[in-house]
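Two complexes, one shared chain (chain A), two partners (chain B, chain C).
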Partner chain A sequence: MKTFSYARARDAAEAVTGFTPGTMYLGGGTNLVDLMRLGVAAPDRLVDVSRLPLDGIGFAGETLHIGAAVRNSDLAAHPLVRTRYPMLARAVLAGASGQIRNMATVGGNLLQRTRCPYFQDISRPCNKRQPGSGCPAIEGDHSNLAIIGHSDHCVATHPSDMAVALAALDANVYLTGPDGDRVITMPGLHRLPGDTPERDTVLEPGELIIGVELPPPPPGPSTYRKVRERASYAFALVSVAALLDVAEDGVIREARLALGGVAHVPWRARHAEQALRGAPATEVAFTRAADAELAHAQPLARNGYKVPLSRNVIVRTLLELMP
Partner chain B sequence: MNRVEGRDKVTGRATYAYEYQAGEAAYVYPVQAAIARGRIRAIDAREALAMPGVLAVLSSDDPPELQADADAELALLQNREVAYYGQIVAAVVADSLEIARAAAETVRVEYEAEPPHVQLRADDPDLYTPEKVNPAFPTTTSQGDVTAGLARADVTVDETYTTATMHNNPMEPHAAIAAWAPDGSLTVWDSTQGPSADRDLVAKVLGLPADQVRIISQHVGGGFGAKGTTRPHAVLAALAARAVKRPAKVAVTRQQMFDLTGYRTPTIQRIRLGAAADGRLTAISHEVVEQTSMIKEFAEQTATPTRVMYASPALYTTHRLVRLNVPTPSWMRAPGEAPGMFALESAMDELALAAGIDPVELRIRNEPQAEPDSGLPFSSRNLVACLREGARRFGWAGRDPRPRMRRDGRYLIGTGVAASTYPARRRPSTANVRVTGDGFEVRIAASDIGTGARTALTEIAARALSVPADQVLVELGDSALPTASLAGGSMGTASWGSAVVKAGEDLLKNGGTEGTADTSEDVEADSELARHAFGAQFAEVRVDMDTGEVRAARLLGVFAAGRIIDETLARSQFIGGMTMGLGMALMEQTVVDEHSGGFLNHDLAQYHVPAHADVLGIEAAWIDEDDAHLNPMGAKGIGEIGIVGTAAAIASAVYHATGQRVRDLPITPAKLVS
Partner chain C sequence: MIEITVRVNRAAHQLTIDPRMSLLDLLRERLRLTGSKKGCDHGQCGACTVLIDGRRANACLALAVACDGADITTVEGLADGDDLHPLQDAFIRRDAFQCGYCTPGQLCSAVGMLAEQGPSAVTADLAEDPPVTAAEIRERMSGNLCRCGAYVNIVAAIEEVAR
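And then the complex of A and B:
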């Protein structure tokens, strides 16, 4: 049988130093352990980073620093997050279940894998799991898969709610690794599938997320809206993280918009944002902005509903943020 | 009354099938077909057999000895044909579950694959008419002239309704431990809804006399029909134990349950209704298309409730099947009634709109005097009372029938109603009651699958013996106890209770210390009557105008089901059924891969059953019903009626809210958003 070793790292440096090919970092285990049970992931070695001293949330100057080992439930409940970044608190609470949020970490949430049914079933081909084996989802069931940014090799979506809010907030993800430290601004951590869908992110082997930093949010109210057929414990059909800052003359000063459930990455809707900035805050302008973004959508045979759904949710969410 | 085994369950002392200690057990893990149609060319198990801890690999290379006429889903590893994706093609037996599973992954199966047919279509050229539908109803019934009835109707409805493939998902996945004794007898600890029937079938498959097999099933974590028939894991455990001469354990994973433990067939149902201007039906036609597997026929009795519901001079029902490269469908809570009443009751709602008659009133106007198809008198029928009481409780009066008239912010609000029905039958059972040191012991091979059967039988026995319930101990869940029918078809309590009451009477009558009963002759002598429970389901939904998300704000079910034996247990059964109906309406749907076959969303994260957050307001009520033609308790079964009609009430409420009639379940945002 497949055996693996388990080690608990004392600090990030020890985790990275101990990294060898076949090692995987273990956060809350709410996705990785499932994937191991399914045979999708088969690490030789687990390095547990869930108890690293990276579990703080606090201001460093104007930015809010969140340790990678902070549990999702603690993040969502934190007063600074709730008051200054409501879209983030709401996004986290929209995900999974209470029990899972108690286990899941910030770092692990960002690195969770797609829930595409083909990816999760080792009896079936999947380019993400087994490069070159094919993507049966394109001709098969893709009813909850990507409508934008997908490729002929993969039509999976990124499942995280939290990452959508982080993408809208320009969050910086702090990494440490064998070749040193670096910072990546969201949504740059995740990558489109192209012809290498086996790579979800730009992380290099051995790189470890140690924290997330939120710059001061732009002024204006923000929220997160998730659409799903089941009221709880379901991945998004479409979700929207949005922030809207409207000047007194009714002109949009700043808008942030990111979509979940539509792409291989948390999808920052930059076309829509561009259309919104400087436009009057009206339903017409919101619809035009949504259409500007969705003009790039290429829905598959059975997920075309996500285009009007995305449009409606974008427009409604922005309307609800109007002063 | 509180569950008599409640304390054992919450403290972890209740023992489920997989938890027994049966000596030094071996562990079994199946290898499942990775094609949906074709033949096995070769099986290479060398790598598995070379792994330390592997005891045996079972496969069709050396077919285990089974009876030639064994049930096709239980005739494991007998030939090289693959009937469906996920079918068991080999199994590894090992010292640990981990080794068995790892070894199973190394077994190389070479196939000669053919393109499978896995999609149910109403125009499939291979559709055929089965000889009967589950379990033994006529496939087709015909009264009067439907064509003429439709021709003279003032109002007609002719629509097609479809329901999805659905899977039972009891909390406890199926499991079994099998142990052979030196004398050749077999004990199986199994998760089953019927120890006696399981014993008979396991014995038959293995070619043993029934008295050489014992099934123990003390506690079962839900079944809904998935554990109503013997499933392959029990046979596999027995075969593995025989092969390695050790007890063997099989735990079916959640994913494997989708392939191996049955499911509800998808259905395509055409309903035609004709009515005079006053709403009185002139014709009803219900034509069903559904699927079965290549290896076994299971024909869901989807149109049978239509034979029971409404008065009409012309009434036609029929079923056609097609054999696909899929597992054999089986029972899922209210097989027949659940999908059939979605179609019939949705059509009744459409007829009410077309005729301009309130949907509650339309149903009342079509109340029959006798069972429409058979002409038999009803033992009791209180559908009208349920509709009226439900309308009163729900606040139905004054409802504006026009769609899209109620709104709350961005939510469209609508209400709907549907009728509900389920047969009230009983089967022969035997029971034994004896005096013990401090009370009475009731012995019967019944099954408590989480319904509270143990508790209900305790109450029934206490009443029969005129003693407090704490003086009664019920022993069930063991085929060594007096033979009993299974927990299925909403017949458990009626069947077992009849035997328990009779055994109690026997004890009191002979003034001794023991009473026995066999109800075979009583059941045989039951007069010919139409016996059914009825109910009325009301739903209020909120539909998000932007997203098409539907939430059921209120569900109310009012049922007439004879005498209710225990209010607490009954309420759980009713609202549990209604919640499952909510799932059927809004989210439950197993997705098949059209090209390769097999079920895709085979876990609880992907196959959505309702979460607590989906159940906003739910209420079950019942009206007193005095029916002397049923059984000594005067009770009708209540395990299934709660799911019947819920989906139609919700679908009609969605129409009322939005003006969109969704005839294809489940009603997901994808079908409503625009």
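And then the complex of A and C:
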């Protein structure tokens, strides 16, 4: 591991002031420390933001504010999150292990990097790690990589479960940085790879996530369903965050749907949502909505299984949410 | 080099360390507390699990410098002299290991897990704090791998203590 200097910031302003080129912010470290050990990340300086006084969860009017330093386990265990935003509690609980959820922060979870095997292996080319070096995943092992929104330069997926629920909930991400504060609505924080896959997000150098705000959820039950290669402690092959509000007459008033494990971003399934609104809440309509989204999928040679898997996971999850 | 203070198993230590040092290496190499094991060194196996300020965590993923001021408990700190922690006792009686390499991590993880509140991924009703069933234990302990496959007896030992 390359050597670096370390400083613990007392507040967000001090963290931003302490940012110089080559600096990285350190949250729980569960991804960054590993990437440093692998040689994928090599910061000159770490500014530790894991103990900033941004560790509260509470209502500000109608919206629920979650500090960026809140640990994943505290987020999932919070009574307001469990009762008002069940898809978020379920998404967080579906990620990682008890140990890692105790360490990982909300801000760090959003900024974790892809687990694409080529990105994590510095002996291989990777456009995300080394722009212009190529993407061996396209011809190689991409069985768990993207099926939608990818490019000729990168087929990586975003690994977060939490971000998928935040995308479905229209969560606002609060940022502070050298040029001031701003707010980005999910899933707008993350970006498609295009020809600049080295940029996962729209964050500018020195910008720091200070919190996430959840607007009041639409009425209706919600959940998160994750399919993976083992029963627990694995990244998603496909996951879905879903909310369904069905009127008395059986017509869908509102639907929220976002997919994980399929794209470079937490994928808000707006085509499917549009197909669901106003449709009867039936398995036929759910399948049609899933197909409306997956019509845009462009699976690679060895990950075509994710298309029917996504369809089935969407349909099964919506059926589970039927009144 | 940077100076930190940590409490480990109720004893305070002032140490000058390289900022690259993990908490796991600090425990093993500097304090000679070799109970915590280095399995994968990537947070995937759980053999390095310790309690940081009472909460279970992977010591391999924690930078020691980021633990300045923290209170650490390792497997060496679970027993009270010759009186084993109830989980240690249950692991022995239930034969909850074969080679023993993952055991310190399993024990610290189980101690931390039993103190945690709230639902897990297998809890049906999110509003409830579920009872500690075998299914809940299996899910909550999924961050601790056992290559010998002693899971059946590990679950039984934890279930016994939880009751």
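Convention: the second predicted complex is superposed on the first by the 322 of 323 C-alpha atoms of A that agree within 3 Å, B and C clash if a C-alpha of one lies under 4 Å from a C-alpha of the other, contacts with A are read in each partner's own complex, and residues count from 1 in each chain.
In this section, contacts are C-beta pairs under 8 Å (C-beta built on N, C-alpha and C of every residue); 3 or more make two chains touch, one makes a residue touch a chain.
For clarity, every value in this text was computed on a predicted model and none was experimentally measured.
Of the two partner chains placed by superposition, A:L321 touches none, neither chain B nor chain C. By the touch criterion defined above, A:S232 lies against chain B and chain C together after alignment on the C-alpha atoms of chain A.
When both complexes are overlaid on chain A, the residue A:M1 reaches chain B and chain C alike. In the superposition on chain A, the residues of chain A touched by chain B in one structure and by chain C in the other are 1, 231-233. Against chain A, in their complex, chain B makes its touches with residues 32, 34, 51, 53, 96, 98-99, 101-103, 105, 255, 410, 546-549, 551, 586-587, 591, 593-596, 598, 600-603, 605-606, 608, 610-614, 666, 668-671, 673-674. Chain A meets chain C in the complex at residues 1, 3-6, 8, 26, 28-30, 33-34, 36-37, 46, 48, 50, 73, 76-77, 82-83, 86, 89-90, 93-94, 96-100, 102-103, 231-233.
Those residues of chain C whose C-beta lies close enough to touch chain A in the complex are 2, 18-20, 22, 41-43, 46, 49, 52, 55-58, 61-63, 65-66, 68, 109, 112-113, 116-121, 123, 126-127, 138-144.
Within the complex, the chain A residues that touch chain B are 1-2, 39, 115, 117-118, 120-121, 123-124, 136, 139-141, 143, 227-235, 237-238, 305, 308-309, 312-313, 315-316.
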